[in-house]
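After this come two complexes, each holding subunit A, first together with subunit B and then together with subunit C.
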Partner chain A sequence: MADAAKWQTQDAHHPLTRLWTARRTGGSPAAVPVILGAPVVFWQAVFFAAPLVFLVVITSWRVRSFKLEPAFVLDNWEKVLNSGPFQKALVYTLEVSALSAILTLAFALPAAYTIAFRLSPRLRELAIAVLVVPVFSSYLLRIYAWQIVLSPGGIINSLTRWLFDLELQLLGGQFSLQVGLLTLTLPVAVLILVLALSGVDRTLLEAAANLGCRRARVVWHVLLPSIRGAVLLAGSTAFLMSFGDYISPVFLTGSKPPTLSILIVDTVKSGSQWPRASAIGVSMLVILTLVLLTVGWLGRERRFRKGGK
Partner chain B sequence: MRLATLFSRIAQYAFLVFVFLFIATPMIVILVFSFDANRFPTIPWGGFSLEWHKAVLEDGMIRTSFMNSLVVAGSTAVIATFVGFAAAYIDYRYVFRGKSLMGLAVAIPPAVPASILGMAMLAFLSRVGLFGSVSAIVACHVAIASSFAMAIVRLRLRDFPPELEPAAHNLGAPPFTTLMRVVIPFCQPALIASFFLTAAVSFDEFLIAWFVGGTVETLPVRILNLLQGQVNPKINAIGTIVLAISVTLVLLAQNFIGARATQRSGTQEE
Partner chain C sequence: MNNAFVSLRKLEKKYPGHQAVRGIDLDIRAGEFIALMGPSGCGKSTTLRLIAGLEEPSSGEIAIAGRSMNGVPAFERDTPMVWQSLALFPFLSVVENVEFPLRMKKIAPIERRKRAMEWLDRMGLSAMAGRNIAQLSGGQRQRVAIARALVTQPPILLLDEPLSALDAHLRVRMQTELSRLHKELGITFVYVTHAQSEAFALADRIVLMNDGVIQQSGRPQDVYREPENAFVAEFMGTNNIISGKIAGRSGAFAVIETPLGCFEVPGERLVSGPASFVGSADRVSLSGEHSDAVNRVSGLVIGVEFFGSTQTVFIDVAGHEFRVQKPQHEIDALDLQPGREVHLGWQPAHAWVLPQAA
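After this line comes the complex of A and B, so read on.
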């Protein structure tokens, strides 16, 4: 009570303006957004935007006697874009991440369907809680664990040797790489799809079923179209995560063949060819942006057509 | 129930169990083999042993990196929660030019591949002389983690009764008092959740910490360096500790938001 009285006397000096137009009045009401906003803008500008801008800038710099020098030359781009290792890594990385996106959807869609439609609300909440944990915990360690499981002397091989006298070459190929990438992408993709499926209007599905539509056709013609946006989001997220991943290709294929992320890390950690590493990084960002824009455009195009009918 | 439907149901549940097993396997492997007496983790199990946990506790470098990680994760969590809250509240409450740009600058960083972002941050920070310190890692981790804090606070602010702020104003509270006594208390669960979640994000991050940390190692960076050497049974033992901490952080965060978020999305149940 005493506090309330104090505020009133303090506020008596201010003209009583309506709160929702507070930002126009200047003085103390405008102070709040400035005090709150300044650190946000400062932090993201200095520690996120500036590094990325600087990354683009140094692609045109020069390296002289192991030192980075400001310049404006284009031969870093020329050297990177024309180099065989870069082109090979680019094609390989694109293939790997496209395959990973497809596999992720193939596994995530049925799993999300079962979680959203077949589990009781309590079990569904538990499933979601369980899926959130791996998104934020120790990706590095989980890939190391797959290395233990898949290696020639590892768990699976010990089992197959004991049971069938069989040795499998599991580590070091597309199989182990995709296992690692699925570890990264699957929980996220399932979560996106479960949230989307839980929001689907059930009456539509029941209506289709009542009109004699079989379950498979309901899924294909009613359910999937109504979560198209989420499917595209899950797929492109999986693509993005796999495209930039460094850990799975290093530990599950031994960097053979290298991906673009590996090229970047190796260039930065081993030498002073920063401008070239930056050129690789910038090309990756350009490709990712193009892919995401295309996917966004795909989503919009379909919605437009549906609305136009 | 028809036989075909029954089979289809069984297949669906079996597939779900398979997917969950796939997701859980790596964590179980780390946990189980950290107590294994064998040097190289494989089947058959070499018997129960706490040898490797003891070796971890006696390793000075691991202890130092662990302390670094605690400092980095703690500081990151405090600053990122503040930045994320500020961004979410400004987004909720005000209209101004460039607002969506600010929102993007906070939201996007986790979507940029860490290898690229780490290189960019290293190049920039070494230019401005901030490279190779705990504060450099914190600064970069905040730039990524605020995104998660903003998302959590935004979710909470969606339930904020719009008449509360005008009411506080009519009772004579200046804007700053309203913020401190009405908005922040309302957001408290979200703030606690985002503290834990951003701590988990930072505690788990290794590429950027590896790039900008220089000789300062956080725990995941120490693990990365150990992994690049020979097979080291200590890794499983550190793994259990790291896993226990990050799982606890995520569960704590979920405890403060989880139920609310999923209840809303699951309301269409017939």
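After this line comes the complex of A and C, so read on.
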């Protein structure tokens, strides 16, 4: 402010200074959100919108002798959408993500309930801290840890060999993949649900009991409907995190069968097929958008009919 | 005993670090409208929650309809409650809220819809059945909460400060409505409130609590006119309490000697010892001229407070604050300015000696 005043007195005649001071002092209140919002809009435009447009544009380019050439062909889309590996990977990735979302909710709901309702305040804080810490540690590191635990020479197999003379094939299948994905999704889902459950009005639970609702049914009739939005959010977050994940499929299943993320990397590696990889990427974004729209639709406020029965 | 519908015996509730209820004995008759009253933290809400089974007593016994309720969980007691926050389910529509207790009783959908609609109709809300709770006004929500509590035709209704969230105008209307419901249904109402006006307007009997103990229980007019002890007299808010000791007798009355002078008070058995009496603010006369009443004091006006139809004048009588309540036109005629000297007087028969001297 002081600087602006100094400018004004010193070079008020300078046209550029006049422009600046006019903006600073004479701006309407409506200008404030524009000024505050500008960096975000700029950031989004440069680092999100522009690459996205480029990604879509590139799907119509051509590759000749390992070099990208601008063109306008629908060839890439045709090749990708009709290819067996893409279709298989799409179905497989959707299956894996859906299963991951279900497993995440199945583990996260009881855990969150226990944390929010059964623990003492001190233990609750501790539990939340324990949940948050892994979010800040390297995901890759955690997946390596699982590799060590699950591998044929790993901790579990050493135990089973010693106890039952048994060797388990833990690594390289749906089991190990889901274990890896849960590592990613569970802390986030539990946090979302704990926050939602902590916000539920306890008198509603008492009122339910008072009106004849058994304890077990309170969960179904009052608790779950109260946190419906959070359950959808946790489920869809788990789905989308699993859908785009690359690390767990690579390190815990050895890329077999490939997910869409792995397919993108493979497509680029084998013959610099950037346009086709982009087509896969754009398909994934379309699915992501569809999932978000569906969740938004499911999670909308229940609108009751106006007026009579 | 007893033909009491609800009976509490030596009821206690301890929490870590404090005791909310300290040995309550109370019998509530079937069909009675009883108000549990007292300042916040006096244990009235805890007592209500103990009856509903939302809290387990630390010791003592609760029986409803002759059956001991110890160990019976809340969902098995037929003791619906109306909360101050109403506790309506925001994710259910109006009619679904009213249906909730019927759904818990596994009543068929068509039947429960019919019964819920009957209650909404009775509360004048049938046009709102399909609405979201958030779309209703405060008074309408209140009526939904009452309909939801009564739809199962319970023998008792518990109300925990149900009207304190409403504005004054609506509160009076809801009081009338509750009174009407109580008469029509003939069931027991247990009503917790800190507001004297609500308790007086509604209840057949008042139970005044403080510090986890019942201080007095009786008809509103009896508790008002004949308080048991200084706490009750003080809580009524309109009593002038004067303490001293019995100095002798004057005919049918006892003479009590206090720092403010000697006064005649009723009481045939009073001969000696310390005693306190109250002069109700509405029974003390106020004038600019000297009073010729048997009991009289003089003091300086501190100020006047407007209470609607009546006004309260605060008077400093030798360091003791007196309250006098009079209709507005009488006060206006006196032209009371702070600092002006006024004279108070009252009949010996209008004083009340506290049976439990402090």
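Convention: the second predicted complex is superposed on the first by the 256 of 309 C-alpha atoms of A that agree within 3 Å, B and C clash if a C-alpha of one lies under 4 Å from a C-alpha of the other, contacts with A are read in each partner's own complex, and residues count from 1 in each chain.
Keep in mind that, in the parts below, a residue touches a chain if its C-beta (ideal position, glycine included) is under 8 Å from a C-beta of that chain, and two chains touch if they have at least 3 such contacts.
Because the structure is a prediction, the values reported are computed rather than measured.
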Quiz item: Any idea whether subunit B or subunit C touches more of subunit A?
Solution: B
Exercise. Give one of first, second, both or neither to describe whether A:P33 is in contact with subunit B, with subunit C, with both, or with none.
Key: first
Practice problem: For A:G154, decide between first (touching subunit B), second (touching subunit C), both and neither. | Solution: first
Practice problem: Mind working out whether A:R228 is in touch with subunit B, subunit C, both or neither, as first, second, both or neither? | Solution: second
Quiz item: So, does A:R300 touch the first partner subunit B, the second partner subunit C, both, or neither?
Solution: neither
Quiz item: Should A:D201 be classified as contacting the first partner (subunit B), the second (subunit C), both, or neither?
Solution: both
Quiz item: So, A:C213: does it touch subunit B (first), subunit C (second), both, or neither?
Solution: second
Exercise. Please work out whether A:V268 is in contact with subunit B alone, subunit C alone, both, or neither, and reply first, second, both or neither.
Key: first
Quiz item: Which positions of subunit A sit in both the subunit B and the subunit C interface?
Solution: 201, 215
Quiz item: subunit C touches which residues of subunit A in the complex?
Solution: 201, 203-204, 206-215, 217, 221-222, 225-226, 228, 302-309
Quiz item: For the complex, which residues does subunit B have touching subunit A?
Solution: 8-9, 12-13, 15-16, 19-20, 22-23, 25-27, 29-30, 33, 40-44, 79, 82-83, 86-87, 89-90, 93-96, 102, 105-106, 108-109, 111-117, 119-125, 127, 139-140, 142-143, 146, 165-166, 169, 171-177, 179, 197, 200-201, 204, 206-207, 211, 220, 223-224, 227, 235, 239, 242-243, 246-247, 249-251, 254, 258-259, 262-263, 265-266, 268-270
Self-check item: Contact set on subunit C toward subunit A in their complex
Solution: 52, 54, 73-76, 79-81, 83, 85, 87, 89-95, 100-101, 103-105, 113, 117, 126-127, 129-132, 135, 148-149, 152
Quiz item: Across the complex, what residues on subunit A touch subunit B?
Solution: 4, 7-8, 10-11, 14, 18-20, 22-23, 28-29, 31-33, 35-37, 39-41, 43-52, 54-55, 58, 107-108, 110-111, 113-115, 118, 121, 124-125, 127-146, 148-149, 153-155, 158-159, 162, 182-183, 186-187, 190, 195, 198-202, 215, 240, 243-246, 251, 261, 264-265, 268, 274, 277-278, 281, 284-285, 288
